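The following pair of complexes shares a single chain, chain A, combined with chain B in the former and chain C in the latter.
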Partner chain A sequence: MRVGIPQWGNVYIPVKAMVHRLGAGDNDLIIPPPMTQKTLDLGVRYSPTEACLPYKLTLGSLIETCELGADTLVQARGTGICRLGYYAKGQEQMLHDLGYNAQFLTIDVSHHKLLSIMKLIKNVSNDAPWHKVISAFSFGMSKLFALDKIEKVVWKTRAVEIEKGMANRIYREAIKAIDEAMERKEVKNITKEYIDRLNRVSKNSKTDPLKVGIVGEIYVVIEPFANMDIEVELGKLGVEIERTITLSRWVKYSLFLNYLGISEWRKVHRLANPYIDHDVGGDGWESVGEKVLYARNGYDGVMHLAPFTCMPEIVAQNIMPSTKEDIPVLAVICDEQQSKQGMLTRLEAFVDLLEFRRRRGNGRRI
Partner chain B sequence: MKTYLGVDVGSVTTKLALIDGSLNTLASIYLRTRGNPVDMVKEGLEEIKEQMPPEAEICGVATTGSGRYLAGVILGADLVKNEITAHAVAAMHYMPDVQTIFEIGGQDSKVIIIRDGIVIDFGMNSVCAAGTGSFLEHQAERLNIRIEDFGGHALRSGNPARIAGRCTVFAESDMIHKQQMGYPIDDIIYGLCQSMVRNYLNNVALGKEIRPKMAFQGGVAFNKGIVRAFNETFDTEVYISPHNELMGAIGAAFLVKEEMENNHGKTSFAGFGISETEYKTSSFICKACPNLCEISQISVNGKVLARWGGRCDMWERIEGK
Partner chain C sequence: MIKVGIPRALSYYQYYPGWKTFFEKLGAEVVISSLTNKAILNFGVSRAVADTCLPVKIFLGHVISLIGKCDYVFVPAITSLGEKTYNCSKIIGLPNMVRALIPECPTILDPEINLEKGRYYLYRNIYKLGRYFSSNPVKFKKAVEEAWEGNLAYRRKMSHEKITAIQAIDRIYGEDCAPAPSLDPPEELTVAVVGHPYVVYDDYINHRLIFRLQSMGAKVLVPEMVPEGELAIAARKLVGETHWSFEDEIIGAGEYYLEEKVDGIINLAVFGCGPDSMMVSFVQHRAKELKIPFLPLSLDEHSSEGALLTRLEAFLDMVKRRKKI
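Presenting the complex of A and B:
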């Protein structure tokens, strides 16, 4: 069995760690190539025009893994979330039409997520014993948590570093080092080492950078190719970002704490309730609540990332202006037609707006 | 005398404006870019040199518009600013209590919302160029009238034709249909203006709170038909700035004046000599990865000054700089 997964942020790193832990070799897992224009072109060519960018990009990525020899593909499925629930079926059909007879293994992301993932790992690893499956899973997750921990420091460093691009270089090296780590202890040491390095980067201590919260649809928020590296571009403009949506948080809550009745979104939903009091699919409800939360916490602005034609986020986008908590929001529509230059012009203007606002004293300090 | 130069390189036109320390416009020029921004910047600079008073000294240069990076490299700009901020700054100078700015240019249109003298929100057309200057120009050409006469026709209309405005493709076929039905040209033209304003308000300005006073600027503000449609829609007079076509350049000049005065910096202006310099622009496809980015570069005598267009920073570093 040669397993292929679609590219999404750093998700390939924990998956690779798990598979190797279970004794599989390099041939058993096809690492998706980094997303490029080619991935997008493939996805766009074989998708309906009105499908969203996450559908197109994951399809393009799966085609690329098939080209590299994958015969078993992993994709999400579910009910009540958004179109994501149907991705696997549509993509499976398309890949068969293209002549790739890959088998689809799906992860149920609306119910029994943990069980679904564990069963998948067991299945892929030729029925390894449960204790090995659990140990491999936890090793993989240690890498995921380490990467997100480092990235949080990168967000702060990018905004104030004197030599621009330094934090990104260190982050790239960190990703590589974490990927290559063989033991849990090693992962821990690498995390500490790189966080120290980031803390030692020479910074402009005089500036108090603008702070912007990133909200929106989870796929485009996490995959830099999908959002045209918006976080890096904001860093270049001297803006510090924060985002609650990370893969490690999803794992922590959706796979574990939710079962104990602890919801990561309880507070956010409560804040959203005066404006929208029920799930609208995807991350729409959360986007509205997060806007309110960032405003209350004294952030300067919010970036709202949404795939073009994404219904839940369109609902959120239309509700956001009506909240009592006033904070500038820039909607960034992620689509293959969007030009990076156009996005940069908007980002620059938005940052100017935030700066003028703060100088006037409208933006509170955090 | 200290003066400051603002240069706005747009998709269709290139604008230059020279201001003095008290924000008076001393010299200005409005040119068609004709797909050749480098030559237009050079030509514009020559013109400014002729118009400017002999005692004037350029103490700061700023560029704006979609060609701002290219123009910034050629001119040695002290400030490269996006056009939204530049337009807002200029409008607020001429009309301190403005609350809404409509800006329609050659290929883009924006709305800027201002409250208490600061920009609080803005919108910009993204993939659709409906209702921009280029579309109006194209339609004028199709109707065989000069774009300069477009407004005059619209003002004579008493019974405007209803034209579909959601999409230029439909607008065009609707116009052809109305022509075949024998509608007078004045009514078709004004109907088109109305539908363009409707389209603009339903797309670019969607969800924005439009309050008076309103300023209308950008090249399309010359078009009296569009102005009439705006006035009738809001039942109030939309204010046309005195230099509406130059507002981006003027705003950029204001911003660089402020910056240079605050930092007491010395300008990095490349001087009037650049109109003699041969700039070469070229582009190539980077084959380092499957992204196949289109990299553009500008060089002088084989020495590369700047590069753009890559997804990564591989080409951004220039040797010996």
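Presenting the complex of A and C:
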């Protein structure tokens, strides 16, 4: 069995770790190639015209893994409100029409998430015993958490580093090191080492960087190709970013703590309640709540990332301007027509606006 | 007398008789907004974010046109109508969007209808809604029962008499029926139109598509004419487990009519509709398999009547040629 997964941020690293832990060889998992224009072109060509960007990108990525020889593909499924639940159905049909006879394994992202992931791992690993499955899963997750932990430091460093690009370089090395780590202890040490290195990067201590919160749809927020490296670009402009949407957070809450009644988003939902009081699917409800949260926490601005025609994010976008908490929001709609230059111009203008506002006292008249 | 405004958009076409009965039994007067027109569209377009789909913009326009004409506006959040199926985000978040975009709107009655959360939740929401009109729960119960019956009768009327929602509403309330097109060219073709009721029946959005098809000599079938229960069976057959509450009217109707071997099938979708973008490809795929002509039409506020007509004529000509009429 050769398993292929769609490219999504650093997800392949924990998955690879799990597969190796279960004793499978290098051939059993096809690492999705990094996304390029070719991936996007393939996805656009074989998707319904109005499908959303994550659909097109994941389809393109799956086609590429099929080309590399994958015969079993993993995709999300669910009965949620947004299109995600339809991904597997549509893509399976399309790949079949294209002549790839790949088997689809799906992860249910709406009900019994943890169970469906565990079952999938067990299935892929030729029925390995449960204790091995759990140990492999937890090893994979340790890598995921380590990566997200390092990334959080990278966001802060990028904004104030003197030699631009230093943080990125260290981050790339860290990803590589974590990918190669074989033991849980090693992962821990690497995390510590790289966080230290990031903290030692020479920084411009005089400036107080602008702080921008990133909200939006989880796929385009996490996959740098989908949002055209917006985080790096903001870092180049000297902006410190923050986002709560990370995969480790999803794993922590959606897979575990939610069952114990500790809701991932309880605080965010409470903040959104005056404007929207129930789930609208995807990340729409959370986007509104996070905008309020960032405004209250004294951030300078919010970037709202959404794929074109994303239903939940359109609801959020319609509601956001009416919140009492005033904070500039830049909506970045991601689709196959976007251009990097266009986005950079908008980012620069937005950052200028934030600087101007800060000089004036964050919207308060002095 | 309390006046309740119902916007003539979105779920209106599916539930109007039920809602009307409910409010009238509770002693309120029901005001509906006028047919969609340019002013209504412009109101809606001016408020919503550009990416919002056309039906939602039109809905907002209808709400704006009701300002000053009623004391309450009825904007339900229809979240789920069955186990593990949901509605589109924009319909679920509709009351919140209306509140955010139209601050001058009269009080919004926004019961959340969510069968996923169980019966008790539904009863509680209906009770909360009824409290606006009376303090007697027995009265609500009766009103709800009658409304439910009324709506079922309306659905049955459409499927038994093979009429569209507009004709059914006209017949129930004895209003003037829309003039039936002259059938000079006898009906020689059967064309199924699948799409959401708020697109298929809104003559302003679709440039009187049904009327035009009829006057070109086609017998038009719409999803509402299918006997009860058949749609769900057909939808399951094509895609398995359903995902959205309205899959029946696209996938179900598409599959049902394709199996019935209609001469051609037209899908009416609006630009930017998330669910449609996924579902239509399945119907299209199936039509290709069965070799039945399929015309996808995507409408938005800029779609021109002339272009639509040209495509319709070309499509019907092609269908006729295939049938060798």
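General remarks:
By our rule, the second predicted complex is superposed on the first by the 361 of 366 C-alpha atoms of A that agree within 3 Å, B and C clash if a C-alpha of one lies under 4 Å from a C-alpha of the other, contacts with A are read in each partner's own complex, and residues count from 1 in each chain.
Everything that follows uses one rule, which is that contacts are C-beta pairs under 8 Å (C-beta built on N, C-alpha and C of every residue); 3 or more make two chains touch, one makes a residue touch a chain.
Everything quoted here is computed from the prediction, not taken from an experiment.
In this overlay on chain A, chain B fits alongside chain C without clashing.
In the overlay built on the shared chain, the residue A:Gly289 is in contact with neither chain B nor chain C. In the superposed three-chain arrangement, the CA centre of chain A forms the vertex of an angle with the CA centres of chain B and chain C, and that angle is 80 degrees when rounded to a multiple of 10. Legend: residue contacts after superposition of the two complexes on their common chain; A:Ile333 is shown touching both chain B and chain C. Of the two partner chains, chain B is the only one that A:Phe356 touches; chain C does not reach it. Look at A:Pro321: by the touch rule set out above, it reaches both chain B and chain C. Of the two partner chains, chain B is the only one that A:Gln341 touches; chain C does not reach it. Of the two partner chains placed by superposition, only chain B is touched by A:Gly165; chain C is not.
When the two complexes are overlaid, the chain among chain B and chain C that reaches more residues of chain A is C.
Residue contacts after overlaying the shared chain place A:Gln37 against chain B, while chain C stays out of touching range. After the two structures are overlaid on chain A, the closest C-alpha atoms of chain B and chain C sit 5 Å apart. Looking at chain A, you'll find residues 318, 321, 333 touch chain B in one structure and chain C in the other.
Within the complex, the chain A residues that touch chain C are 48-52, 55, 79-83, 85-86, 89-90, 93, 97, 110-111, 275-282, 284, 308-312, 314-315, 317-319, 321-322, 333.
Note for the complex: chain A touches chain B at residues 33-34, 36-39, 165, 229, 318, 321, 328, 333, 337-338, 340-342, 345-346, 348-350, 352-353, 356-357, 360, 362.
Every residue of chain C that touches chain A in the complex is listed here, in rising order: 48-49, 51-53, 77, 79, 84-90, 92-93, 96-97, 99-101, 103, 112, 114, 239-241, 243, 271-282, 285, 298. Of all the residues in chain B, the ones that touch chain A in their complex are 66, 81-85, 116, 118-122, 124, 126-127, 207, 289-293, 311, 313.
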